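Same chain, two partners: subunit A is paired with subunit B first, then with subunit C.
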Partner chain A sequence: MDRNTIIEAVNEAVIDALGAETDEVVPEATLLDDLGAESIDLLDILFRLERSLGIKIQAAELAAYVQGGIPDEEFGDENEIVSAVGLAQLKKVMPQIDTDALTGKLQATQVMGLFTVDNLVGLVEHRAALAAV
Partner chain B sequence: MTAVHIIGTGGYQPGDPISTEEIARLVGPLPDEVREGLSIERRFWMIDPATGEHRENNSDMAYKAAVRALDSAGLEAGDIDLIILATGTPDYPLPPLVNMVQERLGLVRCATLEIRSGGAGVVQGLDVARMYLESGVYKTALVIGSEAISPVLAPIFLGKDPYKIRMRDRMPVYMFGDGAGAIVLRADEKAESGGLLGAAMEAIGGDRKAGIHSVGGGTHAPIHEQLKAKRLVDLKVDVVGAGDFTPVMVTEAISSTLRHSKVDVDSVDLCLVPEGNVGWMLDALQELGLDTAEWKALDGKVFDSLSTMGAVGCAAVPLFLDDAWRRGRIKPGDRVMLVGVESTKWIYAGAVVDWTAAAPAG
Partner chain C sequence: MKLQGQVALVTGGSRGIGAAVCRRLAADGAAVAINYRSSEGPAKELVREIEAAGGRAITVHGDVADSAAAQEMVRRTVEDLGGLDILVNNAGVAQDALIFNMEMDDWLDVMKVNFGGVFHCTKAVLPHFMSKGAGVIVNVSSVMGERGWVGESNYAASKGAVNAFTRCCAMESARFGIRVNAVLPGFAPTDLVAGLTEGATGRSIKKQIPMRDFGEVEQIADVVRFLSGPESSYMTGSLVNVDGGAMTALGLGRP
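On to the complex of A and B.
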């Protein structure tokens, strides 16, 4: 599946699920903070992608993908601040983040707020590649 | 001591049942697990789904349920001296719906009261009626719950491409329906026992945002501003918030009702909870550790008619009660707990009744 097909499907899913305007849905827009998505809207986006691309992603897999299989106790410290190990993982799936600026400051609950439209394209690409194997 | 007995019930839902497949055609599909979690297979609407035209209205449904309840109690409308009605979707802001039902019943004079507490309203109404009847002020009361939600759902899908409808807007269309239920209560000065034993109510959302918000047509904003909105009335349902807190409300309602009614949970034969057997509710009870000893003691005794009648707000308690009574699920001698919960601003009410009325023949 080529990247353009995925970008097009992600854009359409985000626009329809959020009732967003076309010009708001840019690659760098964060789904939660910029576009105002709530958990039910994320479910809506994933359901639309399942129907348009045939790739089923569960809502729970979204967080698991971002955390990259790192156990909670390694991903964050006792105050739920994301650790250096955690930030290195986040940089892989959300390359736009400034890890230096976030060191010692990013709470685990804020992580999904950084997830952008482009990061979602990355997740779908990752899943499409797995499905193709 | 005067006992207050339930001597009849009635229910009414408009038109033919609307299947979940038909809803999917109107608003698009839901993921299987979400649809199954809602646990609703059919619902009834007073609107024509194809056109949005009203085939009847809330007062018609309330009147029809009242007539059926009076028939089952063997009473005439003229025997009623108090009517209490709960609704969140009246025909008009004023006059009150209860007075339109009074008029339809041909009652020139009677005491009336309207309650706006959503799903908790009818149970609150039963307790208010019990107090008036026990004190001898009135002898025979009619408590009605009725709801007309489909008119607010129609603008979500009429003339729209179903696939462009957002999931948060789709879900209420799958869930909600219309209907009415009514309960006849009578004071019996000679009865030693039976009837309504006690009740509890509380609103526990003073620090919590509304789970459901019906916005529009009120006085919160200038009418000229409201007229600019996409939909005159917008039903905002916080599905996730409601899913998290409704189980808390239900378990608290059960425990508080037992305490106020001074009965032991093991003595309860049946417990009506409108969402009591829904997949998401049972999952949440377990996840939140709310499957208390009391909830476990009620295992197999919790009943509702949600899957076949839909989510019907104020009508749920009396309508599901009527359904169970007429099907023979509730029999004289049963101790029945009625629980009503409301997810707008988190109101619960519960009552316990020792059932005495034999179901009508046929």
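On to the complex of A and C.
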């Protein structure tokens, strides 16, 4: 599945699920903070992608993909601040983040707030590649 | 035959309102999965009746109070009938008692079937409906969920829960193309309420219903059919009374 097909489907799903304006849905826009998505909106986006692309992504997989299988106790410290190991993982799936600026400051609960439209494209690409194997 | 090509699962479909709903949906072309818990004979007889009339039906055994059983019912319906478009949550029980005498199991057992059944079956169909972006759920509730009746606090509470759940479920699932409504029957003579609709009690209640008559199960089924089909495409979260006007009354409505 080529990247443009995925980008188009993601944009359409985000616009339709959030009732967003086309010009708001740019690759660097974060789904939760910039576009105001709530949990039900994320679910809606994932089901729209399932219908348009035939790629099934469970809501729980979104968080698992971001955390990259790193156990909670390694991902964050006792105060739930994301560790260096955690930040290194986040950089892989959210290349836009400034890990230096976030070191020692990013709370685990804030992580999904950094997830952008482009990162969602990355997730769908990742899943499409898995499905193709 | 506006439901041609559609598949419906009706819980508690072997008797009473449920059986009338199965007949009505099948008459309009839907293939029907008739769920039953204990009434295997009537459920199989109903399948034969629907098939004899040119329709398509299967029986699906299972207790709606059991979440795994609900999942299995839905899986079997999809597998045997090739899909699922309409869920009618109809299965219900009553276990009347005064609150003064009521034990915990008296309300918990009723809640497990009447509300638990709606919850489990709804949850079981949601992934399927959401993947398609379409689906209809009709909950058979009761006017008791909105009013009181001596001895029915547990039943009324369970139906009140169904009504509240219907609204929330409609709200959460609307954007996935799923509609969720409820019918609230008044007094319709079925095994469930036989004690209220027969004899002197029945005559006394009948006098208090503005239409002066009990509802036939077919009249309830007609509304379930309406809420299941394209005619109600802009309705979701509605609680529709089917009660001959019983819910209009303030007390007895006269001195």
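Operating definition for what follows: the second predicted complex is superposed on the first by the 133 of 133 C-alpha atoms of A that agree within 3 Å, B and C clash if a C-alpha of one lies under 4 Å from a C-alpha of the other, contacts with A are read in each partner's own complex, and residues count from 1 in each chain.
Here, contacts are C-beta pairs under 8 Å (C-beta built on N, C-alpha and C of every residue); 3 or more make two chains touch, one makes a residue touch a chain.
Fair warning: this is a prediction, and the values are worked out from it, not measured in the lab.
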item: Which of subunit B and subunit C A:L18 touches, first, second, both or neither; value: first
item: Which superposed partner A:S39 touches (first subunit B, second subunit C, both, neither); value: first
item: Which superposed partner A:Y65 touches (first subunit B, second subunit C, both, neither); value: neither
item: Doubly contacted residues of subunit A, that is, touched by subunit B and again by subunit C; value: 17, 40, 43-44, 47, 50
item: Contact footprint of subunit B on subunit A as seen in their complex; value: 16-19, 38-41, 43-44, 47, 50
item: Complex contact set, residues of subunit C against subunit A; value: 130-133, 172, 175-176
item: Of subunit A, residues touching subunit C in the complex; value: 17, 40, 43-44, 47-48, 50-51, 56
item: Residues of subunit B defined as touching subunit A within the complex; value: 30-31, 34, 163-164, 166-168, 171, 239-240
